[in-house]
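Labels for the chains are A, B, C and D, by order of writing; each one numbers its residues from 1.
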């Protein structure tokens, strides 16, 4: 197992390096100057140039890149041009809410998606099947910011069951409480994907001979479907959820905006709009690491789920 | 099996098809169907609620007729969706085919490229393109197309690997068929169903991405009416003028629902086993 | 069916335990909850550039002087009195002798003042607003509670500069001890002291128990950033926030009609305008610029689209700016506009791109202008550009032939008039490329004399002539608007939307 | 001595499958008995309804696309076709157990062999401790002569060969000492050398007293392993009898054709004599006796009765039954076949 993890990590280094290099240059390509934004429309050219030189932004690009690569090699993500705080600190404070949200979203997607998929597969072709498919498709068709507004409007503002904003005041319960609506918003789209994936995987599994054997052994319907069949269907489901984790991260930007949650998505968006290069590079670096970690986890899960796959 | 029988056996093709056709019709006939010029402003008649004969779906913050804008909005969504999917499928097809068919080094290389693109949040990629080239319909399509390419590429790559392992491909090669011939005759038709399914779902998500981009303020420039920008504009005043968001959000949902049903139906029809 | 019952039970569980979490959002006496549009990025006064940081920091770090509550007259603060030499080059400030820094960082002394100003201009900090006190020659502590500033040239707006955020006094001991950490654990002499911050969630200030001045009227102040306007409104209406800014005319009308809420709108230090690059066709022809001024129905736009959000611009500078004259007059006459276009040889109009930052604040007026100009044959396509790209390109040599923007101003015109009117500021901040020796002379004179009467006269002439060029079409001054629940007492809004909470109390 | 009551007696079993809107009949009133300790072979080409018969007995047919049109199956005094699901489950895997055709896919790939067998035991013997379960599983594994049972307990199906997996399936089936063991083409998917071993294990492992129903299209297997045989064609039983009788003197042209199509050692090099045509599609069954289009007798005699009336199952010489209008015209088995 460890050997596989090591092998995968080594293979991931080029991807990581590729991602950082791409990010460094793409951000520079976008016109706009962070110092000009910082000083606003009333700053004279001289003022802007002075601060740019002080921050080293006027050095030739290759020099800036070498300094950037050198710093990353030692694990130093640099300092934000705006807040002058170390980027690693800014990210660390926002990492927890985003990861909580992402996990919440995945949880919702699985808790709602899997049963729906199983139900649709078990009653394939009936009204229940079409209903489940229809409902799950709804998850992917309604824009998530619309779902977010409606949920926040109904459950938070009007009914007051949940806080209208923020990521909770620190305690476990209040954090969880503040996670419900955002996770639902993020999870609904994921639910559609998981439901459809579960349905087709389950249909395939239920058609297999070992299901007939399980029935012939006299096992209960629930045990046959939820244990023998689902256990096999879990293999493709886990892979799909893993693959789409990156896509899910994209969704957090919008959800964090609607529920005023601090998060990587919002930090990245603001940093990009303000051209705060170090922060953009830092966040992208972290997202790439998260992406690689998730892929690694999916790969490590494979042998556990499917004995035929030897590490 | 004649067309009617196909529709009867696969109702989702029928329903999905009808929805998509209706939306296409609305887009096509927009000039004749819409009561007002979608860009005509009337600041005095600003934010009128729906239900009046003059403005069936009410007016927006500039006093423009919401119904007309929804009809014209269909045009953009029906251009953005398929066009960006076209880009994604062409790029995805070439890269996916190369990776899946050639295998070994190319597969590794292209696999890495996909990884980097997937590791790169698609929002950032789209943002970079729009910020660099300016927000126009074309750039929006390019941005969405590029951000969906890795997904297409991956699906096609796995489909190609699946097909390539089949005996009929090996036998074709054994009979001396060239690579291009084998790909064209044997590989392509068999991965078509996978491409088709991904495309219909991708059209659905492309329309949503356009809406999200507009929501984040990077959408198609005014006064062009797009469903996404209408929802984005209306969202800020959701509490006082919910009809704007709903009249634009509903068509997005219906269209995307139509495309998904169509995709499901076609996949069931083409590849019953996976249904 | 069995499965459905299971999922229903799970959902019910989530909902029930959720209700435990939320207390009814009633106000808590002594605690003010302020909604703001963006999270703070730093609380180090010398590094600050945005409004949110400033509104929090003003309660923590104090300057030598400050503006009176609700207007821009100067009143003493850490400097109890001051005097300036005949030639206007030497200022001496007498400091209060009982001010102490928070959290036991000792008394305020002249050394702290000197340290603060040297820190602002020093190279180590690379402070963005370092040129604010560009006119300083030297600063020294003449006694433990007295400071002398020598200028290289007379600076009529020095006191206004000393009331800004960048010149707020910090504790030398605290800065040297905390280094970069100071920015998120500021130490000042203000009525409130920094308590804690949860990134993107809240900044909490608590009452400074041993404040040297009149004690703070609240125990706790929480600033909560809510970037999404709908969420901000939802939170406010649910009572989770006591006070929020208002940017939407429909919401404004709703809040004004609500007896339980109080709206305070004050013309802000902003002017929104359409700008032309006068050195490029067709805008190099004054008749074309003049034609445009007749073709735009400003009243309709401000009365309807921005009802209550802004006041018609009657001057280049906002009403609250010193020596500002009401020079802006337009009349809406589309026929005259068409006639002028004919005279300019553009009988059948023309089409042009208008660049606009991609936020509603600028897209709204642009869309309205687009419709008005279309009626006289001028076809505008509005090109929203991401803000950063917009400002960088606008202030470059290339610039934009036509664009829409707003200019922020200070209580005194000095800084902005120099950037806007002087030919030496082309192209970075003199976007219309107006180069007029007479205007240059008037402005330079106004900036260098201490005689306010002379300054008023020359600035008036400069504004008069500058307006006549029609390099800009001035639309409105956006109001600084805040709405709060009635349980928030004696809050006073001001033109800079600085959210002063000097006398605020909560009485549910 | 009075003949003992049959362990299983199936009467007029009629099953229909749904295709789109219409229902197609797959079994047309199948009746037969199985006695304690007896091995009964059920023979017929694929599509003759052999598997459908046994699967409907076990209630394994897809619920929504198949239905029991008529008939009963009394097993140990109860009609198992009309038992509620919960009751039927108590019998499945305990009193009646099945071994399926393809061992490669009949075991769940993600669970170990030992686990799947133990599961079968635990299902019908709740409350057994883990050790007892393990012991009984190991015992049953050794009865099917699987090498190193302890090791086999924790190996996964894909690590076994086809033969070993079929042995595991047999072990699972006999784990609860069923009174009736149904083997649905147990050797078809295996190569010849393994087939003999598996059959030998099947015979020996099932122990005395329990009955076996062996479904196959391998006449050789029927000859060696069964006491009685039932021949099915197009969803009907067309001939039954003791294996010896039927093999010696088949009274139905189809049975005769089946026996004739077997390769015989003696006549090495001779051409095989296949039955012309192919089994009918249940959607378009020929009228009367479903075999008539391929029947040599009908070919010669052209008697209309074969075309318009379904032959009833009547006693034949010896102890069996036969359903053929012209059985009396059938000469002695050997001579008749050589000439046609």
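Structure notes:
Methods note: contacts are C-beta pairs under 8 Å (C-beta built on N, C-alpha and C of every residue); 3 or more make two chains touch, one makes a residue touch a chain.
Predicted model only: the values in this text are computed from it and were never measured.
Touching chain A and chain C together: B.
When you average the Cα atoms of each chain and compare centres, the chain farthest from chain A turns out to be D.
Chain A has the C-alpha centroid lying closest to the overall centroid of all protein C-alpha atoms shown.
If you average the Cα atoms of chain C and of chain D, the two centres end up 89 Å apart. Each chain gets one centre point, the mean of its Cα atoms, and the points for chain B and chain C are 42 Å apart.
Between the Cα centres of chain B and chain D there is a gap of 54 Å.
Centre-to-centre separation between chain A and chain D, using Cα means, comes to 54 Å. Residues of chain B in contact with two or more other chains: 131, 235, 238-239. Looking at chain C, one finds that residues 230, 234, 237, 386, 389 touch two or more other chains.
For chain A, the set of residues that touch two or more other chains comprises 30-32, 149, 153, 257. Chains touching one another, given as pairs, are A-B, A-C, A-D, B-C.
On the chain A side of its complex with chain D, the touching residues are 125-126, 208-210, 212-221, 228, 231-232, 305-308.
Of all residues in chain D, only 58-60, 64, 85, 89-94, 97-98, 100, 102, 105-111, 116, 119-120, 123-124, 156, 158, 169, 172 touch chain A in the complex they form.
The touching residues of chain C, when paired with chain B in their complex, are 229-230, 233-234, 237, 248, 250-251, 254, 300-301, 304-305, 358-360, 363-364, 366-368, 370-371, 381-386, 389. Across the complex, chain C is touched by residues 30-48, 50-51, 54-55, 79-80, 82-86, 90, 93-94, 97, 111-112, 115, 118-119, 149, 152-153, 156-157, 160-167, 170, 173-174, 176-177, 180, 222, 257-263, 266-267, 273-275 of chain A. Only residues 2-4, 6-7, 10, 14-15, 17-22, 24-25, 39, 41-42, 44, 47, 49, 123, 126, 128-131, 180, 183-184, 198-202, 224-228, 230-232, 234-235, 237-238, 240, 386-389, 391-395, 405, 407-408, 415-416, 419, 425, 428-429 of chain C touch chain A when the two sit together in their complex.
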